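So the structure is just underneath, and the comments pick up after that.
Think of it as A, B, C and D in the order they're written, each chain with its own count starting at 1.
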Amino acid sequence: MKEINRIGVFTSGGDSPGMNAAIRAVVRTALYKNKQVTGIYHGYQGMMDGDFIPMESRSVSNIIQLGGTILKTARCLPFRTVEGRAQAYKNLVEAGIDGLVAIGGDGTFTGAEIFSREYDIPVVCIPGTIDNDLYGTDYTLGYDTATNTVIEAIDKIRDTAASHDRLFFIEVMGRDSGCIALNAGIAGGAEAILLPEKATAIDDLIQHLSKGARQQKSSSIVIVAEGDHNGGAYNVAKRVKEKFSHYDAKVSILGHLQRGGSPSSFDRVLASRMGYAAVNQLIAGNTRIMIGMRGNEICTTPLEEAINNKEYKLSEDMLEIAEVLSL
Amino acid sequence: MKEINRIGVFTSGGDSPGMNAAIRAVVRTALYKNKQVTGIYHGYQGMMDGDFIPMESRSVSNIIQLGGTILKTARCLPFRTVEGRAQAYKNLVEAGIDGLVAIGGDGTFTGAEIFSREYDIPVVCIPGTIDNDLYGTDYTLGYDTATNTVIEAIDKIRDTAASHDRLFFIEVMGRDSGCIALNAGIAGGAEAILLPEKATAIDDLIQHLSKGARQQKSSSIVIVAEGDHNGGAYNVAKRVKEKFSHYDAKVSILGHLQRGGSPSSFDRVLASRMGYAAVNQLIAGNTRIMIGMRGNEICTTPLEEAINNKEYKLSEDMLEIAEVLSL
Amino acid sequence: MKEINRIGVFTSGGDSPGMNAAIRAVVRTALYKNKQVTGIYHGYQGMMDGDFIPMESRSVSNIIQLGGTILKTARCLPFRTVEGRAQAYKNLVEAGIDGLVAIGGDGTFTGAEIFSREYDIPVVCIPGTIDNDLYGTDYTLGYDTATNTVIEAIDKIRDTAASHDRLFFIEVMGRDSGCIALNAGIAGGAEAILLPEKATAIDDLIQHLSKGARQQKSSSIVIVAEGDHNGGAYNVAKRVKEKFSHYDAKVSILGHLQRGGSPSSFDRVLASRMGYAAVNQLIAGNTRIMIGMRGNEICTTPLEEAINNKEYKLSEDMLEIAEVLSL
Amino acid sequence: MKEINRIGVFTSGGDSPGMNAAIRAVVRTALYKNKQVTGIYHGYQGMMDGDFIPMESRSVSNIIQLGGTILKTARCLPFRTVEGRAQAYKNLVEAGIDGLVAIGGDGTFTGAEIFSREYDIPVVCIPGTIDNDLYGTDYTLGYDTATNTVIEAIDKIRDTAASHDRLFFIEVMGRDSGCIALNAGIAGGAEAILLPEKATAIDDLIQHLSKGARQQKSSSIVIVAEGDHNGGAYNVAKRVKEKFSHYDAKVSILGHLQRGGSPSSFDRVLASRMGYAAVNQLIAGNTRIMIGMRGNEICTTPLEEAINNKEYKLSEDMLEIAEVLSL
């Protein structure tokens, strides 16, 4: 096992709240352990471009509360080529970087896994994505914040829905994962939740809404995950309106505001713990692992497993709770 | 001048944050002046249906901070008929209501003006709409809160925009009025603002964005009012993307969340002052007026004037400020 | 095992955000299972006074987002007497209540345990307290919200601290438990955290702050839990100021605002799951248990154990993280 | 009239939300008018120390939403000496600064007035203080944000107050000015408001609270401005408790969190307009003036007048509204 002297840290893929808190934890833990740290801008793109910056303790002052990522992020196709990775490795060597902490999602991990094997450079990953769909951790960075952002929007919309006897369709993020939709739907008191993991027939939805209307519900909110089988909130609304006219119907597409915002306390603590653990794992000689949290404990999973497994985080219980509490 | 004994209060048209604070002020001021108060549900609809509730001081406890309206609201077509208004008047007489405070916008005022003349029942109006487009007042109830809601969304989107070098088109409310778009655009540091009051050529917009890109801006946010001449944010985004590919472009439609939420301090104080003034004006024998605020002073405008005039609240200065500060 | 027909639900002790969401879940789950529900006001006090209200599905509409508790709460000494409990039981029998769900903390559980044994009435408890200091659950209702409230305050104070080169002492809740202080301190990027569980010598604190000052930190924030050994933030500030004058020092006592506010998504989901589980446990014939959450799973603990055990939720790791990341 | 080539901008005295938005507006407007800009750190202290930084358009990117001030601030005694000001002027000349924009309060204006006369350097001031107690403007920068911060705290405290039948004393900023206390008190639905401008006898307060208790109010909130004659919230609470025991009483001291936080839309627009106006006034050859806003219009006031006049912003109407609506 080679000793690590300089750790490179970067964020890659879609950004999520808490990435800055994780960068701060990586930098300060590394310095505390007498390692040097280099920030790599724009993820793999910056690695290929040599877009680096040395980081000190003050480089990460007053960033724990900021959304986004001070190191910027990008999706990078050229890194998928042999030439791209060769150039990246050359730059790392020149900068004296001999260990990496990567913060991102699925795509980031795949790049890290390949690169680390190819060039025998140790890498530890931190799961940063609002979708909470990675294997090996109960929570990913940014998921808690995003869910809070969604329920604040639902709360505001409920004010106007309840004043007007209206039906609202709110589209939330989640192409493959209904985690935000299900949890924000329960927390927002939604009347129905449409998920990618489970097809909902429009007729069943209409029947459910009709039942609520008969029970004197003065308004209804339907949460639709981006990846729902009916094709998003506009399509669902259109098809419901054709057959169900009890309420006036409106659509809201929350969009990218779900990715931003100051991270919640939960995400900041999670980021701090994961950043701290990532550096310690790297120093201990571990590589190609993802840091996770199970219960209240930090744990690790081999990248290979994290990439190739899906974790179904929607329990049957939760689906039933959503159903029962919406009545 | 007939003495007033029982005041009917209602909200009508689109809801806006601060309506509850205004209801509270009307109820408590009236009780303080030894008048009775009846709440009328669902605006003119409830007046026609006799959907009334007597209100005491405790009826409006703990509502000053709530969005929406506890008296519900509606848009009501039948009130435009002679028969509808006759039924409404009959109900008011039966309930002993001999004065009205109406909270709403343009349409609400028109109904109030006609009804008050027809049946000689005194009515005082409070301007409640997030659009801030009424004549006779610097501010309408809900506008300040809605603008704060929009900038919170912009702030979140900027986090992710800045992390990704992206271009965002954010659609905000305002079919005829660019007041929210212009003020939230300035407050949110938007690169461009598209308003109903002023046509923006797509080519000019692209030129402006290109200039920003040349000046190393890492991201850009364009605010589009609903009523912009180019047909909303999706259309603007589509047309910009055809010719300008410097950034990846995304669209966010904020929608009805702009109508909800706990009112800001400004809106709560404004509502309290207006509700207090409305009751005092009614008791003093005034009718067919709208309460407004000019500078820091409460003032009144005849309804007729308020309905027939438009106030252009977008100064040339503000348009220049938006332009200059976005560079 | 006797079948349950009518469930009584109440909140008791200090209130915490999420209690309303739990009440809603209890009511709706019970109705779904064809049970009747009665709300008991003011906890044990209302049980003794017969201050009851029958609850329907619409009784808990639009409350999931509200802080506090619609059933009110109280601390009740007379319930500790045999006579008090006899009166309470008499009232329950008269109202047809044959099962109880109690939402509260330590004191609530003790009352429930005694009462349930004495009168053989089944009771299931839900842990509601911001302190997160109960045995048998990773999280108590309200803790996540309270921690978010604290970091929002810290974020605001850091703005002014950083602009002025100032030192702030912020006192947060926690007489016996440092859970809020430690987590909010890490999440808020505090320079030092003083906890009830661990005595901090003022001289060590001064040394730590001096080190930060030497490293060009422009401001410092010290979190002090109420139950810290030095006697609260005012005393700590006074003693630090005597020996350390590098910064101007200010004190903030956050106080009861930490108990209020709209619950976070985490707390609303937790409350929904716990309320749902409590009713199901009661119906299944279980009694004298507390509902908890371990990892992502709902679990139960006998009340006796929950009352008599303390769970030390401050890991050594977390204490080291707080230390390392503050540099 | 000498043409201005390089504008120096600084913040001084207590910080307030919106200062960064004003700095941004000053910098970008100046650049747009082809002037150079230099930032001066720590107010007059930095002027004396030559702590300067040249500012470009990108220097003020992404700061409009930040609380505090990126140029830092300080209270500076040495600037009151002839030698201090001579040194400051020498530094300005060396840096080529020939015009100043000062953002701050009373003390800042006094320094600016003296310095500008002594060395014939033009200076325009922007009123930045949360207290809203300056002559010549309806609103000062930061006041709107601070009031919103206070009502968010009141809303949270009301949740717990209403759940417990409690009486809360909340101390807010305002040594000489009751503007925050009165407006936040009205907006927060407080039962009583104690102001520096008007002595409140404790017996009268108790009588008022007793009346509310008799009217079935379940809780009460009393706002106490720092500068109230009874000596702050702790003292008021102590004296009330001696004679009035209907409720359990608690105290909250909000402290410096009132100075921080992301500025409201109102404050950001105000800051943008004031910064824009300040530069234009300076270029137009005006000096020793303060920018203000009356109604919706930007205006100017000679510094001398602004310093020597007090504006009584608490109308009798507002005091009566506070009284009437609290019943």
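Note that a contact is a pair of C-beta atoms (placed from the backbone, for glycine too) under 8 Å apart; a residue touches a chain by one contact, two chains touch by 3 or more.
According to UniProt, the chain labels map to these proteins: A, B, C, D = ATP-dependent 6-phosphofructokinase.
Predicted, not measured: the structure shown is a model, and the values here were computed from it.
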| query | Pick from B-D, A-B or A-C: which interface has over half of its contact pairs in common with C-D? | reply | A-B
| remark: subunit A to subunit D, mean C-alpha position gap in Å, rounds to 39
| request: Please report how many Å separate the Cα centroid of subunit A from that of subunit C, as a whole number. | output: 28
| task | Would you mind listing the residues of subunit C that make contact with two or more other chains? | result | 155, 158, 162, 218
| field | Every chain pair in contact, whichever chains are involved | value | A-B, A-C, B-D, C-D
| What residues of subunit A sit close enough to touch subunit B in their complex? | 11, 15, 17, 19, 66-69, 72-74, 149, 153, 155-165, 168, 218, 250-261
| remark: Within their complex, subunit D touches subunit B through residues 21, 24-25, 28-29, 31-32, 57-58, 61-62, 64-65, 138, 144, 147-148, 150-151, 155, 158, 162, 183-184, 186-189, 215-218, 262, 264-266, 268-269, 272-273, 276, 294-296, 298, 313, 315, 317-318, 320-321, 324-325, 327
